[in-house]
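In the two assemblies presented below, subunit A is common to both, partnered first by subunit B and then by subunit C.
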Partner chain A sequence: MSYLLEISDLNVTFETRFRTVPAVRNVSLAVGQGESVALVGASGSGKTVLGRSVLGLVDEPGVVRGSILFDGRQVVGRTEEELREIRGVGVAMVFQDALDGLNPVYSVGSQLSEVLTVRLGHSRAEAKERAIELMRQVGIREPESRFNNFPHQFSGGMRQRICIALAVGMRPKLLIADEPTTALDVTVQAGILRLIKTLQRETGMGLIFITHDLAVAREVSERMAVMYNGQIVEEGATEEIFSRPQHPYTRALLLAHPARAKSWRDLEPIPDEFVTDEPSSDNQTVSAPAPTASIG
Partner chain B sequence: MKGEDVMPQSSGQQRLSWFQRSERWQMFTASPMVVASAVWLAFIVLVAVLAPALVAERANFQNLSLRFFPPFQIEQGIEFILGGDSLGRPILLQLAMGAQTSMIIAFFAVGISSLIGYAIGLVAGYFGGWVDNSLLRIADILHTVPSMLLALVVLFILEPSIFNVIIVLGITRIPVYLRTARAQTVEIRERTFVEVARSMGASHWRIMTREIAPLVFPTIRTLAVLEVAMVILAAASLTFLGIGLQRPDVDWGMMVADGKTYLKTAWFVAVFPGVVIVLTALSASILSNWLRAVEDPTQNILFARKPKPSRGKAP
Partner chain C sequence: MLAFIRGRLLSGLLTIFGVVVLVFFLARLTGSPIDLFFPEGATQAQLESFSRAHGLDRPLLEQFWVFLSNAARGDFGMSIWQQRPALQAALSEMPATLMLTFLAMTVSVIIAVVLGTIAAAFRFRLVDRIITILTLATGSIPHFWFALVSILVFAIILRLVPTSGAGNWQSWILPVATVSLGPIGILTQVTRGAMIEVLSSGFVRNARARGFGSTRILYRHALRNAALPIIAVAGDIAAGMVNGAIIVSVVFAFPGIGKAIIGAVLARDFPVLQACIVVVGIAVVLLNLIIDLIYVVVDPRVRLS
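On to the complex of A and B.
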C-alpha cells in the first residue's frame, strides 16, 4: 500500500548566525489514506514544527532537510508558488489559536465562501450555499442568519468550528490538526473532537492530530507516535501503546496521566530527566531512567 | 445587522425610508459633531467646485480704497462681510477661491504620499529582510533631508505651479505613512488568520491585499486626514518663500502668510483663513475618526442610539 504521506529522515533545524537549534531530528512517519495518527509529546518536543513542515510553513531561519512525500510528490525544497498547489486542497491545517484564526474585518460567511470561490472556482451563489452547508456540518445552529456575523460575535468554540470548516471545505486528503482544542474548555473540546472524527469518516481524509493530551489522542487515533526532544521515540497502534508502552518516556507519560489513577497519589510526575525546556543539541537517543511503578 | 436583513421592494420613497432606518444612518445622526463636520466638508467642496466659475473676477478685483476694510460690515455688500485684504480684495471671495486650490493640493498631495507610503510599507513589512531594510533606508534618507529644503531645490529648478507643489509635498511626506504601515503590517502578519490563509494556499499578493491591508487602512486614513492641515500649511510656507503658488492663484495657506505681516493692525486678514483651515482639518479628522469606529465591528455598538428612558424613571 502506498502511503498518503511519507516522511523519512526529516530534520528541521533553526539556524541563526550564533547557534543551531534542532527542532525535529531524524523523524520518519507514514500516514495512510484515511488513517488517523496522533502525534503526542510534551510542549517543545517538535510536534508543531513537524506538522508545519508538511505544509512547507517552516519559515526562515528554519531549515528543513530530508524527504516529505505527499501523494508521491516531494514537499521539501519546493517554492512557495508550487506549495500552493498542495496547501488547502491537498493538506489543510487547523491551528491551535482559534480566537485569532479568522480575520476580524470580514464576516464569517464571506471568509468561508471566499476560500471556495478562490480555491475551488465556485460561483458566488454556489459558494454561499456550500458555506452554509459547511457551517451546518460543523454544528453552527441557524447558519443562514449567522452567515453575516463577524468573528467577534462567535464564541471560541464556534470560531474553531469555522476554522475546521475552512480546512475541510476544500476536501483535503490530509488534515493536520495542531492542538485544535487546547484553547477551548473541556465541554467544547469533546464536541470538536467528535466533529473531527465524523468529518474524517465522512470524507475519508487522513488525519494527523497533534496533541499533548493522551486521552484525546486515544479518542481520535488509530495509530500514535510519541515525540520526545525532536524525535519519535515510539510508534504503533494506539491501544497497543496504551497497554504495552515500550519506551521509558511513553511509560512515564502514561503514569503521569490522571485517567489511569484512582487517587492523585497514584500519579507519577514525569521524571526530571525528561523535562526539557530546550532540546539538547547532541544527537543521541534519549537514555531513560526506568520509571519505578509498573503500569497496570 | 438588523437593518440589512430587510431589503425592501424598490420604490424611491421606500428605499429612502429604509436608508433612514439603517444602522449606519442612525449612527450618523446620533452624533451632532459628525453631522456638522460632514455638512462643513460638503459645503467646502461645493464652494471649491463652484466659486471659480462664479466669483473669480470679483474676488481678484483690487480696490485700494477698501484696503483692510474691517469685517462684519455690509456697506460694501455681502462680499466684504469678512473685510478686505492688503490690496482691497474681499476676503470672503478670496477664501472661496482658495478653497479650490487648497482642496486640490491637500487631496492630491496627501493622496499621493499616503497611497505610495501605504503600499511600500505593506510590502516592506510583509516580506521583511533585505526588501524591508533597503526600503526603510530610503525612507530614512527622505526623512533626514529637510522637506522644506528639498522642496526649495526642486521648485527652484522646476517651474513653481500647483502641480509641482503637489508632487514635492506628496513625495516628502511618504516616510510618515511608510513607517506606520510597515509597523502595523509586521504586527498583523504574525497573527493566526494570516497563517490560516497561508496554510490554505493564499498567495503573497492575496494575503497582503485581502488579509493585512484592510486592517492597516484605518490607521493610514486617520493619519492622512491629520496630514491635510499639515500639507495646507506646508504649501503656505512654500508660497511664503515665493516658490509655491503665484498670484492670481490663491490658497488658504497663502492668505494666512499674507496676513501675518498685518496681524497687529488688521487681525482678520490672517485669522479668517486660519479659522477655515482649522475647521476643515478638524471636520475631516472627526469624520475619519467616526468612520474608523463605525467600520470596526467590535466598536460600532458604541454609536448605537440608546433607547430613551421613559419619563419619571431614573435611567
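On to the complex of A and C.
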C-alpha cells in the first residue's frame, strides 16, 4: 500500500551559534488516504515542528534531514518555489496561534476569495460564492453580511474557524490541524472538532490532528502517535493505546489526564523525569521507571 | 469623519496662529527695515513717510492687531521691497517647493521601499548588509557637502546638469537628489524594520503555507501592513521639506519658499515673512490631514477620533 504521507528517519535541529536544539529526532510516521492520526505529546515535544516540516516551513536556523514523501514525492530539500505546488492544495495546515493568522488589512471575504482565485483558479464571482459557502460551513452566521468584515471585527474563535475555512477551502489531500481548539472555550471546541470530522468525511482528506488533550485525540483519531522529547515513543491504533499503553510516558500521560479521574485526588502528576521544557540533546531513547499505579 | 477633519483643521489653525505670533514679534526684534532701506543721509521726512506707509510708526501691539484683522481677511499687506502683495510673493514660490517636495518624496519612497523590502527579505545576508551600510551612509552625509560635491562633479566637471536655477528639467536633478538623500536612508531603514516584523507574523507564515508566491506575499500581504510606519515617517519628512529645503535654495539658487523666507528675513520684509509662514503652515496642516486620511484607507483598524 502506498501512503499519502510517509515520513522516515526525520531529524529537525535548530542550530544556533550557541547551541543545537534537536526538536525532532528519528521520527517515522505514515498517514494513509483519508486516515486520521492524532499526534499527542507535552509542550515542546516537537509536534508543531514536525507538522511544519511536512510543508517545508522549517526556517533558518532549522535544519531538516531525512525523508518526507507526500503523494510519492520528496518534500525535504525542495526550493520554496517547488514547495508551492504542495502547499495549500496538497497539504494544508491550521496553525496553533490563530490570533494573527489572518491579514489585518484585508477583509475576511477577500482573503478567502484570494485563496480560491489564486490557488484554484476560480473566477471572482465563483470565488465569492464559494467563500460565503465556506464561511457558512465553518459556522459563521449570516456570512453574506460578514463577507466584507475585517479580522479585528471577529472573535478569536471565529477567526480560528476562518483559518480552518481557508485551509479546507483548497480541498487539500492532507490537513494538519495544530491544536486548533486550544485557545477556544469548550463549547466552540466541540463544534470545531465536529466540523473537521465532517469536512474530512466529505472530502476524504487525511488528517494529522496535533493536540495534548487525550480526550480530543481519542475522539478524532483512528491512530495515535505519542511524541516525547522529539521522538515518537509509541504509535498504534488509538483504542489500543488507550487500553494497553506500552511506553511509560504514555502511561504517565494517561494517568495525568483529568478525564480518567473522579476527583483531582485521583490525578497523578507527570513524573519529574518526563517534565522537560527543552528537549535534551542526548540521543538515547527515553527510558524511565514505570509509574507505580496500574492502569485500568 | 467630518468632525475629525474639522478638529484637525482647527488645531492646525491654532498652531499656525501661535507660530505667526512668535514670528511677528521675533522678526521685529531683529531691527527695522528702515535701517536697511535708507542710506545714512536720508532725511527725517523720508523716514517718516516710509514708516507711515508701512504702518511701522504705530505701537507694536496696534501693528499686531492691524496685521491680524487684515490677515483674517486674507490681506497680508504689501511687500516692503517688491512692488506686489506679500501673499502673492509667498504663493509664487510655492509651486517650486511643492514640486520639489513631491518629486523628492516620490523618488525616496520608491527607492526606500524597494531597498528596504529587499533588505528585509534577505535579512542578515550580504545584500542586506550592503543596503544597510549604504543607506546609513546616505542618511548621514551632510547635505551641504553633497550639494557642493555634486555640483562640482556633475555640473562643473562632467557638465551634465546646470549649476543652478530651475530652468529645464535637468536643473531639478541635483536638488531632488540632495533633498532625497537623507529620506532614502531613513525610510529604507524604517521599511526594513517594519517588513522584518511583518514577515515573522502568523499571517505571512499562513500565506506561505497556502502556496502563495513570494512576490504576492511580499507586496500584497507584508508591505501593506508595513505601510503605516513608513507613511508616518514619510509624512514628517515631507512636512520638513515644505518647511525648508533651504540648503537647496542657497546652494543651487533654487526657487521655493525656503528662498523666499531667507530673503524676507535678511531684508526684514515682515509682510512677506508672515505670509510665507502662514502659507507653509497651511501646507503642513493639509499635508498632515492627508496623511491621516491615507492611514484610514490603508489600515481598517485605524479609527478616526
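In the analysis below, the second predicted complex is superposed on the first by the 296 of 296 C-alpha atoms of A that agree within 3 Å, B and C clash if a C-alpha of one lies under 4 Å from a C-alpha of the other, contacts with A are read in each partner's own complex, and residues count from 1 in each chain.
Here is the rule we go by: a contact is a pair of C-beta atoms (placed from the backbone, for glycine too) under 8 Å apart; a residue touches a chain by one contact, two chains touch by 3 or more.
Just so we're clear, the structure is a prediction, and the values are computed from it rather than from any experiment.
Partners subunit B and subunit C clash in the overlay (superposition on subunit A).
Of the two partner chains placed by superposition, A:121 touches none, neither subunit B nor subunit C. Looking at the shared chain after the overlay, A:72 reaches neither subunit B nor subunit C. In the superposition on chain A, contact of A:148 is made with subunit B only, not with subunit C. Once chain A of one complex is fitted onto chain A of the other, the partner contacts of A:166 extend to both subunit B and subunit C.
When both complexes are overlaid on chain A, the residue A:87 reaches subunit B and subunit C alike. Annotation: subunit C segment clashing with subunit B after superposition, chosen from 25-33, 43-51 or 61-69, is 25-33. With the contact threshold set out at the top, residues 55, 57, 80-81, 83-89, 92-93, 95, 97, 100-106, 115, 118-119, 150, 152, 163, 166, 170 of subunit A are in contact with subunit B in one structure and with subunit C in the other. Chain contact summary for the complex, subunit C toward subunit A: residues 201-203, 205-214, 216, 221, 224-225, 298-301. Residues 55, 57, 60, 80-81, 83-89, 92-93, 95, 97, 100-106, 114-115, 118-119, 148-150, 152-153, 163, 166-167, 170 of subunit A are the ones that touch subunit B when the two sit in their complex. Subunit A makes touch with subunit C in their complex at residues 55, 57, 80-81, 83-89, 92-93, 95, 97-107, 115, 118-119, 150, 152, 163, 166, 170.
Subunit B meets subunit A in the complex at residues 1, 4, 129, 191-193, 195-204, 206, 210-211, 214-215, 297-298.
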